[in-house]
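Both complexes below contain chain A, partnered by chain B and then by chain C.
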Partner chain A sequence: MTRPQIAKEKNPVFGTGILQGMWVTMKNFIDSYFKKADQGGIFTIQYPEELCRISENSRNFPFLVYDAAPDSPRCTACGICERECPTKCIHVEMAKDTAGKPLRKPAVFEIDYGLCMNCGMCEDVCPFDSIFMDRVYEIAGRDRTKDMLIGKDALLKPNAYFQKIRPKDAADIDARRKAAEAKKAAAARPATPPDAGGTAS
Partner chain B sequence: MNPAMSFLDSIFVNLKLWTLNLIGHFLPGWAVILASIVISGVVILCLGPVIMMYLTLLERKVVGRMQNRYGPNRVGPWGLLQPIADGIKMFTKEDIVPTNADKVIHLLAPIVIVVPALMVFLVVPFGRDMTAADLSIGVLYFIAVSSVTTLPIFMGSWASRNKYSMIGGMRTAAQMISYEVPMTLAVVPVIMMSQSLSTASIVNAQEGLRWFVFTPWGLAGFVIFFICTVAECNRPPFDLPEAESELVAGFHTEYSGMKFALFYMAEYMNAFTLSAIAVTLFLGGWQGPFLPSWVWFFTKTFALIFAMIWFRATFPRFRVDQLMGIAWKLLLPLTLVNMLVAGLWYFIPGITGWVGAAVILAVSFLGLTALNKPVIPEKRVYLLEN
Partner chain C sequence: MSETILNEPQTLEINFGPQHPSTHGVFRMRAVLDGETIRGLKLVIGYLHRNHEQIAENLTYPGVFAYTDRLDYLNSMQNNFGYALAAEKLAGITVPERAEYIRVIMAELARIVNHLLLVGFLLNDLGAFFTPCLYAVRERERILDIFEDVSGSRMMCNYFRFGGVKNDLTENQLGEIRKVVSRLPAFLDEFEALLSKNEILCMRCQNVGGLPKDLAVNAGITGPMLRASGINYDIRKTDRYSIYDRFDFKVPLGQKGDVYDRYYVRILEMRESVKIVEQAIAGIPRGEFLNAKTLPLLRNPRLFKPAAGEAYGRIESPKGELGYYLVSDGTPQPWRYHVRAPSLINLTVLEEMCVGQKIADAIVILGSIDIVLGETDR
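And then the complex of A and B:
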């Protein structure tokens, strides 16, 4: 086994390494004025004025999607998300009409953002494509019991918003829903002319 | 020089004369003399802190840029009000004195440290006829006063009764005393050539573009002097007395609030005055073509301060033995050679003297660095054989 060679000194004259080091910092100093962030300039983002670009896969707190109007959300208040939520931060109550008959839409839908741990299980389990993960992050509040408890009105956001923040997922889901609706309609059509079938037979 | 330029050149001098004339109409002669002293004093007492405030901003901005970030830019346009915000913060902070501290000395140290820093301003020639006190022993005065800085730092570190402070103070004493030797000896060729100890006449000896830095001995002397000034005001890479990673904050560990700010003020004012003296001795002071004299002076001084900040952004801290080694084994012999070279340069006129001086300096530099090369022991490799 040969002995490992000790690296020869690169700078024969004392002080050249110092000058090389100084040139590095000077280059940074000059570049900070004349170069863009991706070419060696300053890459600091001045936060309140300019915001970080968020990738499409960014996820944090859940919100609810509605299609036409906030009165008729996709959510049917089935309560699956409420049961699946690991931190139990979702609270759903189904709406009832005056006769006490369930209306298949939420009367109360509350998420405690203070408890939510952004796991996204609610999104995964929702059978009605209603609850999705949002990307809001400027939600600081002064009181964690009041300001972090988000009610139904604040949670409901139009489908257009969902398409804006997550275009790819939204397109997939919209296509799936449209296909399901078409299938449903197709399944319903043979059911509509029972009379015709009856007369034929 | 055209009239507009000469007006700008002597604007501050004329302003003072005009004020004194105005006072002379109403008050007796002794009051005018007193007013003359007071005006110079007040200008210096205001200039020091204001320069210190904006040096902190400049430092933070430049170091930030060198580390690929903006410095402070929130308070006021371009962060120009940041030093004022810092000042208010410092004033409102709690002043903590350790229980076992020597209370009187602990209080005195930050007050005393500002005094030599301000006193050096007296002999700095800010422009043509703009030396506050043109002492005939200006350089000697500067060397004597600036070396007093060691004392308050040691006072503070001793009075804090804290081991970190103590080590910081010990390091300061060792470092400052060591670096004073090559610094003083680097000044000697300048005094030899200008045949005067007065800062104003040293500047006058560099009339036109015959700045001392353009000669072999001047360049060597300037580099040595500048390295020593950086060490004298405890700035990186010579910041061993306040090495954060080793000593918390070194000699000012136990200081808070305005006392801490006073230590900082002294440090930055020292950085300014030492740069100013380096400019005076080697870079021709306020001498320079086209621009008013004081513009030249401040441009050169801030260029040197920029270099100090540049050092800070670039170099890691020295080890204690390296620090002492550079002062005693490299800079001190070089200054001795430099004095000899200055004599040769003076007595051998023309190109021969120039080349001879340059060659002697280069050879001695290479020789000294070769002699000082640390011995790196050969790496031992133990083979594992069964």
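And then the complex of A and C:
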């Protein structure tokens, strides 16, 4: 195997290495004014005025999706995300009606953003396509226990928001849900015989 | 810690850290000085200990992935890689072709990120305050943008899954990677023009902190530090894990094992990594990016129950041999989980390298080891 050898040859004149280095810094200094960001120019941006482009896959904190109204979220309070969350930052309680019968929707759904480590495990394990990773970032708070503990009302966001931030994933999931619903509807009325010819033509 | 290390007159014991800025984290060392010369040096580690192994033993196998990101937080892709290899060996999961290529591309990009940062901060330690570091961070930034685009997060990527990766690479992303990587050789040329022949850097680094071959082997040093001492040992070549046997790359070796060799080996390794990424992009096949059989296991992690047994998966992380040891007892949780962290083991020879050197060189020698305290203390 041939190996790249480490160059140890001396500079012909003492100091040329430093001068060469200064030439590089000078070149970079001038380039930073006249070149574009991806060719060696300044790539910092002025944050509050300009914002970075955020990629579609970007993830930080979880949120819940609802379809029609916040009263009927996709979440059924099954508690799988609560169980699988590595940091145990999710707390779910199922809603019950006055008779004490469970209602398959959350009464309490809290996520401690101060504890969440943005891994995306809850999104991976959710069987109801309900919890997804958001990309909010201006969420600084003054109190660790109050401002970082996000409740159900703040977590629930419409499906339109999900479609806006992640169009590709949302389209896939919507198509899958629609297909599943159609299948369920078809399975619910197996007794109806196929029309013999009434609606044809 | 009240007893002194060397009980001699004329010596002075001083304490570095744990908040010393040059120690790359909460690392503490106690140095015994005679004038400016170091007579003895003891490491005090454990300030960042956060029970990583015990936490992992209380989680499911897929749940540990997010925690492995936090070991060596500068290149989470490589950490994921090692853990994925260990668990796949344990459960006998195969990885599709395309996923292997994606893994190699990401792992080599992570290696470039790590070495860029190392060289930048080594120069900071040397006193070249932030000019080389800024140039390095500028290139790193573009690679981190790719990571965000692909995995969702810039540093805590959590991208690998058992039997593949989380998302597929689109053609756009491949083009972006090709663009970023094609810039790197020119950047490295410029970077070397700035640094490699600089007289100040040569005088500070050459013949400083030498690590003899036999000591390096006996102490279990791995990675660029071992190769800088002239020993040809690269797990990508010896184990040929994943698909590293398909790529043509060389293993740069140093001669003396001083700080300059360690610096230069990393520059050369970056060039080799660029070559690997280019070959991988050229050869990436179409196909699935995740083994379809493991998808239900990821959707329901409690079903991932490897048969009782043990497995050790190791990779050539940018810092050395990163190994994960898993013991399964057939339940969804690992019975034992151990990380062989290269930072910790490479750090053990710090005293031998520092004794007899000047106190200012100790900082440079520490910088050239390339430690990350997230991995050292776990």
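Remarks
As a convention for this text, the second predicted complex is superposed on the first by the 148 of 201 C-alpha atoms of A that agree within 3 Å, B and C clash if a C-alpha of one lies under 4 Å from a C-alpha of the other, contacts with A are read in each partner's own complex, and residues count from 1 in each chain.
Basically, contacts are C-beta pairs under 8 Å (C-beta built on N, C-alpha and C of every residue); 3 or more make two chains touch, one makes a residue touch a chain.
Computed from a prediction, not measured in an experiment: that's the story for all the values here.
In the superposition on chain A, contact is made by A:86 with chain C only, not with chain B. Shared-chain residue A:101: touches no atom of chain B or chain C. Applying the stated contact rule after C-alpha superposition, one finds that A:142 touches neither chain B nor chain C. Which of chain B and chain C touches more residues of chain A is settled by the count: it is C. By the document's definition of touching, both partners, chain B and chain C, reach A:43. When the two structures are aligned on the shared chain, A:13 is found in touch with chain B, with no touch to chain C.
Legend: residue contacts after superposition of the two complexes on their common chain; A:21 is shown touching both chain B and chain C. When both complexes are overlaid on chain A, the residue A:33 reaches chain B alone and has no touch with chain C. Common to the chain B-facing and chain C-facing surfaces of chain A are residues 1, 3-4, 6, 14-15, 18, 21, 24-25, 28, 43.
For chain A in complex with chain B, the residues that touch the partner chain are 1, 3-4, 6, 13-15, 18, 21-22, 24-26, 28-29, 32-33, 40-44, 46. Contacts from chain C toward chain A in the complex involve residues 55, 59-60, 62-67, 69-70, 131, 135, 138, 141-142, 145, 148-153, 156, 158, 167, 190, 193-202, 206, 232, 250-255, 260-261, 264-265, 268, 271, 298-301.
Residues 1-4, 6-8, 11, 14-18, 20-21, 23-25, 28, 38, 43, 55-60, 84, 86, 117-121, 124-125, 127, 133 of chain A are the ones that touch chain C when the two sit in their complex. Those residues of chain B that touch chain A in the complex are listed here as 62, 65-70, 310-311, 313-315, 365-366, 369, 372, 376, 378-379, 381, 383.
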